[in-house]
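Quick one: structure below, then a few questions.
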Amino acid sequence: MSLLQVRNLVVEFPSRHGVLRALDQVSFDIAPGEILGVVGESGAGKSLTGAAIIGLLEPPGRIAAGEVWLQGERIDNLSQQQLRPLRGRKIGAIFQDPLTSLNPLYTVGQQLVETIRTHLPMSNSSARARAIALLEETGIPAAAQRIDHYPHQFSGGMRQRVVIALALAAEPVLIVADEPTTALDVSIQAQIIGLLKRLCRDHGAAVMLITHDMGVIAETCDRVAVMYAGRVAEIGPVHRVINQPAHPYTRGLMAAIPDIDSERERLYQIDGAMPRLNAIPSGCAFHPRCPQAFERCGLERPELTAGGAGQAACWLALEGRM
Amino acid sequence: MTHTSTWAKLWHSDIGYSFRHSPVAVVAALLALVCVVAALFAPWVAPHNPFDLATLELADARLPPAWEQGGRRLYLLGTDDQGRDILSALMYGARISLIVGVASVLLSMLAGVSLGLLAGFVGGALDAVVMRLCDVMLSFPAILVALLIAGAGRAVFPHAPELLAFGVLVFSISLTGSGWVQYARTVRGSTLVERNKEYVQAARVTGVAPLRIMRRHVLPNVMGPVLVLATVQLATAIITEATLSFLGVGAPPTSPSLGTLIRIGGDYLFSGEWWITVFPGAMLVLIALSVNLLGDWLRDALNPRLRG
Amino acid sequence: MTQPLVQAIQIAKRFDVSPPWLNRVLERKPRLLLTAVDGVSFDIERGQTLALVGESGCGKSTVARLLVGLYGTSQGRVLFDGQDAQAGFQSAQAQALRRRIQMIFQDPYASLNPRWTVQDIVGEPLSEHRLVTERDALQQRVVQLLKSVGLGAQDLLRYPHQFSGGQRQRISIARALATEPEFLVCDEPTSALDVSVQAQVLNIMKDLQAARGLTYLFISHNMAVVRHMSDRVGVMYLGRLVELAPKKALFARPRHPYTRMLLDAIPKMRQTGQARVPVQGEVPNPLNPPTGCSFHPRCPHANARCAAERPAWQVDDEGAGVACHAVQEGRL
């Protein structure tokens, strides 16, 4: 049974230009212990998806339709009061900026212990022991001393390790990581990604990894969902999506990435830009930019099959025209 | 290309939208407009001229408002101890208050923004000097500074206090004396942020002179908080002027401002002649409140734009 | 052989980051000097692209700013077309020099004045240098520049916030090209852009270089982009140049251990699921750099000499240079 099921999620923002649909019928599953990558460019809606799942949508944004099921229970219609015990205990979160993810006024130990004791029935000393163990697991040297340090006494990479420890503190079943390595140097990125992957395997947590970096997806994820203009364009095993992309957008994206191993005179470029929320084209959102678009593409919106096995939301694929 | 007027552009912009949808802002703006119009056009709108001593009738002194017993319709809100029509005195008094308020705010803005820009952009010793100057100025109560300058003015020009123009000038300068500090600090802070932004660096790479960069690049981007500050300061300036007049240091008694009227009326409050104090007081509150509310709205309206 | 267009000769930059005077006196804190660039030398030939790569704190952005005159060097010289650029920026001919050197910045949101229209932004260098004074001619020239980067006349009176990140970067490029410069310093121009937008901007930059014979100094932390854009590549670490080589040589046979680590740290797209070889440790605090070779705490090949002695810069016959004891001693 799937750990997380997202079905036809719609997120809307009322604005002075009318109601904007930031997420339009997004569906996917995450199996227990699986690492799902959610990749897309700015404005595709990947961070919003993560926020909607955790229940951290900023008003006036709201979930207008659809369902989110965690371990067989619906979580999208819960109040903030009901969501609080869920967050941390079942779902952990890692955000992009390690600087603002930690409270600068409290020691790392205080924040860890607070999180642990909020969700697990433990005494102060056992919570502290667990916190030290977590810090050691995330590779922080001299954890027993550093537990009493403040966030500013850690470097960027170290801070992100603390954030990972915080996310895992209450043994959640799902971790939502939103661009966890974007703000870090490339050599640290490798360390953090490796750590995340290893720890989640060890603790049995599934991961929803949101990023714009295909390289990170390639080395970390089991499956990947490619998002475009608030919709899922393609979803499938990472090996297949990267090496044999079915959706023209994914193909264009892969072709536009400069490859370290080969040389090209010009990079492939997808002309135009991702449509703004108030100007999403009819039918398939990508069709104005698609080199293979035909008549049906502008009229009807192609759907992913429910459950998202390994499909592209594209008439070319659905009609077998590939 | 069609050329839309600036007003039309403003009306349809995000700020215009925010204004139209904020009932508080609209009401405050209307109130402020009424006061300003009444004050500016006082010589034409007011039924009497309370500053013209020749038209005053001592016999008509201390008459209650028209709807009370003993009141006369000629003097709608009653008269004060000199026979001045309160309604007209309100308008003329508000005129003084507004002129002084606006003048001092403009002068403060000029001095404060310039110093703040220079301090933030040039930095170093100049920055340190200006900031210490701010600290010093802030440690003096504004009223004290105003009194000092007013007193100095009086000493230098012993015969001038009777002149209204002199009073207004001294007032404006004395209010500026303590008012510029807020602008300087705010602008300095914003300048420090903008100075490191890449569009300023791009201008330097192009070879634009520092003064030009300050004036054309940085200044437009730091003015947002200044406008909000200006509305708040306007309200404060008006009240400070009223306070000084109340203390007797302000406008000459022959051309009373709102504060003077309040003081005069204070003596008669306990003998039951309440209208001499209450109406000027209410007018003062009205002006200050509407300006403050406008300032509040402006700050909220500008905030998300600043981030965008 | 013609001389290179740009020559950096042992340039260094130190910043005074001491606490304020009062604090120093009261708390007896010492002066703090941050050495952002510590003796860097390189040449750029006309029409070529030199890329500088490195992680945060390596000083590549500072080098960029030293070359365009935003900072003055603490030591060393910068020669532009054979003349001393530092002196040039201070002299009466400064404007003439600035016409020939321009810069493109990293942040598309902060590099354009949010209160100015596109016409004013792109036209500013033209009016500043009095290249075009008449209003209509100015407007026409701006439209020409916009067209060369794929924008148009309809964008003249718009404001930056009405454009996307990629479009803003293109406006920055148009502005940089206004004075018809010969040398463009590009500080991470596509780091803040999405992959598909990055492709557009990089293609434009390459086209412009071919059409106008531009010389680029291209700063980046992304090795794949560097491979696409550059002719020669310099690798920086903590303010020093550790390796400099023609692109093909650097990617085929990286010599310095740090270069190797950087290349190994890049995720391999096609071999999914394969973890990278992680680099040990983190970039040290530039206020307190290690002794000797600054990379030695993280280097698997470091010996006692590496901790004590700063390696010398060695150039081979093809002009490729490296500063590493292990390479010099033949251990690598």
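Per-chain residue numbering starts at 1, and chain names A, B and C are given in the order in which the chains are listed.
Criterion: a residue touches a chain if its C-beta (ideal position, glycine included) is under 8 Å from a C-beta of that chain, and two chains touch if they have at least 3 such contacts.
Here the structure is a predicted model, which is why all the values come from computation and not from measurement.
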{"item": "Contacts common to chain A and chain B (chain labels)", "value": "C"}
{"item": "Chain whose average C-alpha position is farthest from chain A's own", "value": "B"}
{"item": "Centroid spacing, where centroids are CA-atom means, of chain B and chain C in whole angstrom", "value": "51"}
{"item": "Interchain centroid distance [CA atoms averaged], chain A/chain C, Å", "value": "32"}
{"item": "List of chain A residues in touch with chain C within their complex", "value": "41-42, 155, 157-158, 185-191, 193-194, 197, 212-216, 218-219, 238-239, 242-243, 252-254, 256-261, 263-271, 273"}
{"item": "Of all residues in chain C, those that touch chain A in their complex", "value": "55-56, 164-167, 194-200, 202-203, 206, 221-225, 227-228, 251, 261-263, 265-279, 282-283"}
{"item": "Chain C residues touching chain B - in the complex, by the definition given at the top", "value": "65, 68-70, 94-95, 98, 101-103, 105-107, 110-116, 124-125, 128-129, 157, 161, 172, 175, 179"}
{"item": "In the complex with chain C, residue positions of chain B that touch it", "value": "1, 197-199, 201-208, 217, 220-221, 308"}
